[in-house]
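These notes open a run of structures that come right after.
After this come two complexes, each holding subunit A, first together with subunit B and then together with subunit C.
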Partner chain A sequence: MDKYFEMIRIRFLMMLAYRTNYYTGILIYCINIGAYYFLWSAIYNGKSAIQGMSIEQMTTYVAVSWMARAFYFNNIDREIAMEIKEGKVAVELIRPYSYLGMKTMQGLGEGVFRLFFLSFPGLIITSLLFPLHFSSDIRTWGYFALSIMLSFVINSQLNLLAGVVTFFTLNNEGLLRAKRFVIDLFSGLILPISFYPHWAQEVMKYFPFQAISYIPSMIFTESFRGQAVINGLLFQLVWSIILLFPLQLLWKVAKKRLVVQGG
Partner chain B sequence: MFYVSVFFQYMAQYMKTKLQYRADLFVEFLSDLMFQSVNLIFILVVFGHTTLLHGWTRDEMIFIYGFFLVPFALFGAFFNIWDFNERYIVRGEMDRVLTRPVHSLFQIILERMELESLVGGVTGMIIMGYASARLHLEFHWYDFFLFLLFALGGMLVYAGVFISLATISFWSDARSSIMPMMYNISNYGRYPIDIYNRVIRYILTWILPFAFVGVYPSAYFLGKKEWYGYAFLTPVIGLVFFMIAVMLWNKGVKRYRGAGN
Partner chain C sequence: MHAIEVEKLRKEFKVHSSRSGLMGAFRDLFTRNYKTIRAVDDISFTVKQGEMVGYIGENGAGKSTTIKMLTGILTPTAGKVIVNGMNPHKEREAFVRTIGVVFGQRSQLWWDIAVQESFRLLKKVYRVSDKEYKEHMEHVIETLDIGPLLDKPVRKLSLGQRMRCELAAALIHNPPLLFLDEPTIGLDVLVKLKIRQFLKEINEKYKTTILLTTHDIADIEALCERVIMLDEGKIIYDGSLQRLKENWGEGKQVQFTFATEVTEEELCALTYDIKATWRKEETNSWVAHVAPLHVSDVISRIVARYDIQDINIDEMSTEEIIRNIYEEGVVHG
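Right, the complex of A and B next:
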């Protein structure tokens, strides 16, 4: 356990060395949130609520989705693909830790770093620029914290899955891009799932994507209340367990048929 | 004449290398198409809940987005300078560029050509075709030339802003994240300008004129008379910003001292 904690710490410190990059990162997120703020204001245009969400909730939804993304987002899929391409993975595999576990911990180190240096200051700045609504209920914050942890787990599992597939295809740029597209669209980052047409919502119930962004943001804006919060968290929990199975299976097979390129 | 022939020779070489890896090319086309559809899906879903966005209908919004894709694709194909600092200044590649017999900026454009981005322009035209069919737009014979002019103008706006940013590297070779920031700002130009507040509108028109890439020129084809003045300014603004960029570039090249050995 100690060694995994150490990996989080090292990644955190590594990111700390390049922290100036993150000040512009905050600006970029603010710019994006601003664009959606104006768009949504125009879309609401006097309407008090669409799909049960007020304009204030929607603005908060947009802001918190982007700030949460800073936490759960990572590039471990690309890192794995890169290490396979360069043959580095061979060395990693003989080290005394689980390769996938190590990648996840590195991702977590990055996420925690961005949480402190991007999300928190970013959220304060955006709350000065745009009319956001923060809940005063401590339970909402607790549920939200739990929810973004699960977002991180599910997003990382999907990234690991996509990365491990590289063991079979050797070059899977296409898959990585397709995954990004699906997550952009169906995680709820650019649009709350409840805005999609009914049939699309039904289909998305059978996929884990809304667990990444939609559920935590709905909890934060208190668009989910009571039982809906519990259901959302359960949905996330169930998916984070389900995804372990294909991951383990693929990983087992992948290790057996590993071909090291030029390693 | 010399420039034109060099341009086409580079283009031919580029196509040869790309066609070697047809599967990769296909994947790239497909993923570009996917990312272009994200915004389209956003517009379609949102208009399931409203009919007008500040007086713009769904199909007009789609048309603007379609138009935006054309100058953006041209820019992506010919002005790949977002990594100019790393590729040319830090690695010292600029030294080699300066020994070439064509203008240094032109040489970089040739080397960094990415013709596959042009597919985005085709997508854009299909989207525009769809929107204009639904809007029953009427076109005159000269509209085609105006379209070319506006698309080129939009491309020059983009090129002007991004080349100007690239020239910062001549003065300071520190890495900066100003390029991705500008990229995100440029997305504002895809939506009708009147949804923003006055400050942002002013910036998008005169300082970082990204409104001239999407909404202003589209307004002409959509027959929005109140925006005609801005629409016809598109090529002018494009030229002005591009000329400023070239001037900055030439100044920067004079200052360039080379890095490394």
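Right, the complex of A and C next:
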């Protein structure tokens, strides 16, 4: 376990090596949240609630989704693709650790860094600018923490799956782009799932995407209460277990198929 | 126990060959032509504990592919590989603890962070205790003279500095077996000498087995008693460097620069009875390969017949021997 913690630390150091990236990161997130705030104010236009969410809840939903995204979002799919493209994966495979496990830890290192140095300062800045509603219930915060951990797990699993596909195709830039877009759209980052047409909501129940952003944000804004919170967390937990199977299977086949490019 | 045991090892790659032209590109969208290429073709060899073996061959001969199978990165198509008593790709995680690898062409240090941070991570990864690390690595760092480089990020190091750090990184867990894939590529003479000296030292001190691929024959001459030569995926020579030299390097090379143009037939006819072989170097420059006994004979015959501008007499260099083997494609002995 030691080596995995060490990897988180290394990733921290690497993020610190490029500090300016992160200052601009805070700015970009604030601009995004601001844009969505004005968009939603226009849509609400005096209405007290849409789909059971008040404007205040909606603004908080948007802010929290983006801040949570800073934590669960990572580029490990691109990194795997790059390592295969450049043949660097050879170096990873001569190390006594699980390649996918180590990649997940790198993602976690990145996530924790962004959570502390991007999400928290960003959230403080946005709460000064826009009316956000934070729950005073400690349990909500606890559920939320648990929920974004599971978001991270599920998002990372999907990233790993997409990355490992590169072992077969050797170049899958297109797939990675599509995946990123699908996740942003169907995870509820752009629009809460409850705003989708009824049939689409039904279909979404069979995909893991809403476990990434919709569920933790709904928990944080207290739009989910009681049993709904538990159901949401269970939904996340079940998906994070289900996704392990295709991942293991694909990885096993991928290792056999590996071609190291560039000598 | 053998450090490496390889039996009938084979690796095939399926590559698709693109059709030419625009129409060809369209057809490639639907059906593709596949070709199977055999990069490593049924090779067998064993390496004893503590041996230093040079693994040589031209570009694309299958050296790197073999190393990648021996280190568990690639899965062999067929054949048996036992390294340090384990099957590399089956027991990968346990196996890679017992080996060190340096790829000359790709870095295994983390690009953006200081060298010592990489070392620290590797120390954790290989579960090296503080005591072992101190004992072993202090010496390595001193010998390779990389102490002042430790707090610099890898991207700021020169190639020679980086390669010394790579070597140190591969040795953090003091592995009994070391694979070096072109460790001296692109390095200057001084760094090369330092690296060779260092490898010799750890081989003596820890009985580290070393398998080395290189294009610099001087590396092999300085380090290896045994060479394995590969050509088109097959082993064409496996034995001591000494024997290779004796069988192929006996005799001398006499280089003549003629004042006028001469043909091979004329030269061969002139030296027919003493079995000299001729090779053209430049327009008027020819090299005769003859037994030492006949050197003076050849010179007197040629000088008597032609106008000579220059004569040089050389020993066969290892490089020369290897070139001859590749050109003629046969190994006797």
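Quick note on the criterion: the second predicted complex is superposed on the first by the 262 of 263 C-alpha atoms of A that agree within 3 Å, B and C clash if a C-alpha of one lies under 4 Å from a C-alpha of the other, contacts with A are read in each partner's own complex, and residues count from 1 in each chain.
We take it that contacts are C-beta pairs under 8 Å (C-beta built on N, C-alpha and C of every residue); 3 or more make two chains touch, one makes a residue touch a chain.
Nothing here was measured: the structure is a model prediction, and the numbers come from that model.
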Contacts of A:Val203 with subunit B and subunit C, given as first, second, both or neither: neither
Contacts of A:Met14 with subunit B and subunit C, given as first, second, both or neither: second
Touching partner for A:Thr24 - first (subunit B), second (subunit C), both, neither: first
Subunit B versus subunit C as contact partner of A:Ile242, first or second or both or neither: neither
Which superposed partner A:Leu234 touches (first subunit B, second subunit C, both, neither): neither
Partner chain(s) touched by A:Ala145 [first = subunit B, second = subunit C, both, neither]: neither
Which of subunit B and subunit C A:Leu93 touches, first, second, both or neither: second
Which superposed partner A:Asn45 touches (first subunit B, second subunit C, both, neither): first
Subunit A to subunit B touching residues, read off their complex: 21, 24-25, 27-28, 31-32, 34-35, 38-39, 41-43, 45, 47, 50-51, 173-174, 177-178, 181, 184-185, 190-191, 195-197
Complex interface listing, subunit B residues touching subunit A: 24, 27, 30-31, 34-35, 38, 41-42, 45-46, 48-50, 52-54, 176-178, 180-181, 184-185, 187-188, 191-192, 195-197, 200
Interface residues, subunit C side, partner subunit A - complex: 13, 64, 68, 71-75, 89, 92-94, 96-97, 99, 101, 103, 105-108, 110, 112-113, 117, 120-121, 124-127, 153
Interface residues, subunit A side, partner subunit C - complex: 2-3, 6-7, 10, 13-14, 17-18, 86-88, 90-91, 93-98, 255-256, 258-260, 262-263
